[in-house]
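First the structure, in the form of structure tokens, and then the observations on it.
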Amino acid sequence: MSSLEEMKKQVFEANMALVGHGLVILTWGNVSGIMRAEGIVVIKPSGVPYDEMKAEDMVAIDLDGNKVEGKLKPSSDTATHLVLYKAFKEIGGVAHTHSTHGAAWAQAGMSIPLTGTTHADYFSDAIPCTRDMTQAEIEGEFEKTTGDVIVETFGNRNPMHIPGVLVKNHAPFTWGKSPAEAVRNSVVLEEVAKMGAIAHSLNPNLSMNDHLTRKHFERKHGPNAYYGQG
Amino acid sequence: MSSLEEMKKQVFEANMALVGHGLVILTWGNVSGIMRAEGIVVIKPSGVPYDEMKAEDMVAIDLDGNKVEGKLKPSSDTATHLVLYKAFKEIGGVAHTHSTHGAAWAQAGMSIPLTGTTHADYFSDAIPCTRDMTQAEIEGEFEKTTGDVIVETFGNRNPMHIPGVLVKNHAPFTWGKSPAEAVRNSVVLEEVAKMGAIAHSLNPNLSMNDHLTRKHFERKHGPNAYYGQG
Amino acid sequence: MSSLEEMKKQVFEANMALVGHGLVILTWGNVSGIMRAEGIVVIKPSGVPYDEMKAEDMVAIDLDGNKVEGKLKPSSDTATHLVLYKAFKEIGGVAHTHSTHGAAWAQAGMSIPLTGTTHADYFSDAIPCTRDMTQAEIEGEFEKTTGDVIVETFGNRNPMHIPGVLVKNHAPFTWGKSPAEAVRNSVVLEEVAKMGAIAHSLNPNLSMNDHLTRKHFERKHGPNAYYGQG
Amino acid sequence: MSSLEEMKKQVFEANMALVGHGLVILTWGNVSGIMRAEGIVVIKPSGVPYDEMKAEDMVAIDLDGNKVEGKLKPSSDTATHLVLYKAFKEIGGVAHTHSTHGAAWAQAGMSIPLTGTTHADYFSDAIPCTRDMTQAEIEGEFEKTTGDVIVETFGNRNPMHIPGVLVKNHAPFTWGKSPAEAVRNSVVLEEVAKMGAIAHSLNPNLSMNDHLTRKHFERKHGPNAYYGQG
């Protein structure tokens, strides 16, 4: 199998995993992957039902959005993915869902505060919510600008330490070293968003010790990480 | 297959899809479809368990509610469906559920505010909640008047741009170009109602930029829509 | 099959339906049925795992709680069921669950207010919550007194029009003409409790028009009921 | 089968039961069991996907954490389990999950108050939440100190009467006479946490009669317990 075929298979399986994890309904959601050496991004086609979709339906484009291979139109969110790949050089996959609790925090216009180790195991700080876009931004190149505003929101934050964002009044984008890791981070974001919403209803003044945050993140991701089989 | 048989099959499958999407329990819920040229409406029979129901059990009536074909009594909500078909000339299907979060907003007597793009992708504005009915309306032709009050609520709103409503203290009705699209809009309404309830618990002062609303709705439904395979 | 065997089968199936509807976990919950002519009550055995339970494990007792047939000990809640059968002469089955939202309202010590037609279709008024029991009542014949306090709570209310109750700090009991109808009312109570909790979080000042309540209840249960196939 | 093989099988099945009960996702969660006579603890390996895990992957260690048998690294939470086994002499199994509602209460930094008989049937009092750990504790032997702080929280409480705890900003640990009973207590804790969160949203001033608490706990666990087949 060529590396393009292999990437199409990976991206297809990552898209199907969104369904398996209950993160998308209807035709919502999309996952992409990038072949950095070739400068090729593979992404879900737009609006195709998951139960009819096949690996060969995945669409290959270059980083300017020109189609390289595939019969179908790429996801309508493609331009957002491309901005993320250009700005965040270490990422290998991007996922976008309208998962229920992640979308609810985005609709509330609130970042998900870091108040638990479940969150700290994967994200080293709050999952930020982007600012409102202006009329000009919305009426211009909307999907590209959505990506630009995500990158602006990150500023000096390390996207490998906070592998996800809430787009205000919209929903989450997550990323990772591969399409599968981007999906895993969507799973974690939704669970953390759910725990956070319930915790907020119990106690709106949540807080968590910074030392505990750092410990949990580094236990899994620091130079001396000791979680897993190493 | 005659067009009536075909419509009965479509309506049956749309009713079963309500169960598959987890929107109804017991014998709750009903979907209908209309054959505009023939003036025939096909609807679920009243109170029949979903696991015993067959396509041939669907009941065909005319727009005045006279039975055209079928052995069973039509849904007790039939008169509401008929008012909607008469008032909203472009719709081809109507669905009614007591889906949990949609019904909760109706019990709260509140319209579902437009605060996210998931909502804006299918509904161009808030999903309105009807007014209280009077004693005379309730004790008169209740189901017909339920439809009249929905139509009154819509006033100048475009029912194809806001394909659903909450009947106060009751539950949602949705519609679309076909029975299947009416069901899809029930799925979206329930998901939007759930996201909205969680967002409301996080932040009761929700808002969304009008430009973003318009952008998302038009991306899928405007003259220059670019979502899907076109 | 003798009528006792038939009743054991009905009660067994009703108990298994609690599991199927997601209303019980572990060994929680119990359903019974009564053969009025014979004065025999058939009930689930105490603490037997659902996946090992068989129809022949159901226990038959008389209205004083003496065992008539069966090898196992009857449910620890048996005495509550017996009080209900003696006080509410028209009921043929009783169900008890710790269903999540029903139990939550009971823990909140609040009746479930009637604010929607889903509720009014099966219960003609609020689902009442019992009073606190005294120390003497709790330390005496606890399960029997639980039944007495339910009956006291009902006073002049018609138990066939309000086929369920919340025992304060405990959970729901429901009943109906048969074990299956008691289970159906547990399903409705849990759904109504869930809708009510979400509606309460959206708007704590809920209300519903009395005329609408009466209309919906009578549409299904009044002398001129017109729901279902008649 | 040797007793070590038998314990590995029990611990493996208890870990898989966490998945079956919906209490863990990804590689989260872990269960262990102890062979008291031999001083051997058997625990889940760290970070192994549940769908690839086999009974033979379970790791055997002594109470000082030295590996006795097994190819894989034990769970990163092993040191917490060992502290619990040393301090709580009657327990035979420990379970740790990030179950949604249990974790939410831990993130809220709140004990789960005893407000229902579902809770009282298994826990004789509130499920306590531990205190914040200090910087030194977090940066030192973190997992061991997590166990120490649980033991400190218990003080004079009887761990067999309150078989679980919330670690602040983290999640629940539960225990029992066996690995299976520890898992059962995780199931109960999550359900009680869910009921408690909903009850709290309905009425933040919850309370429950002490006599009722004692009655329910003793009905199942007291010297005159009468629940189950005895």
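Just so it is clear, A, B, C and D label the chains in written order, and each chain counts residues from 1 on its own.
By definition in this document, a residue touches a chain if its C-beta (ideal position, glycine included) is under 8 Å from a C-beta of that chain, and two chains touch if they have at least 3 such contacts.
Predicted model only: the values in this text are computed from it and were never measured.
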item	value
Chains contacting each of chain C and chain D, listed by label	none
Reference chain A; chain at largest CA-centroid distance	C
Copies chain B and chain C touch via same or different residues, half shared test	different
Turning angle required so that chain A lies on chain D, C-alpha fit (0 to 180°, nearest 5)	90
Chain B and chain C, separation of their C-alpha mean positions in angstrom	33
Distance between chain centroids, defined by C-alpha means - chain B, chain D (Å)	46
Per-residue overlap in chain A, given as positions that touch at least 2 other chains	201
Residues of chain C that touch chain D when the two form their complex	25-28, 45-48, 72-73, 76, 98, 100-101, 103-110, 132-133, 135, 138-139, 142, 169-171, 197, 200-201
Residue ranges of chain C touching chain B (in the complex, touch as defined)	115-118, 184, 187-188, 191, 194-196, 198-199, 201-203, 206-209, 211-212, 215, 219, 226-230
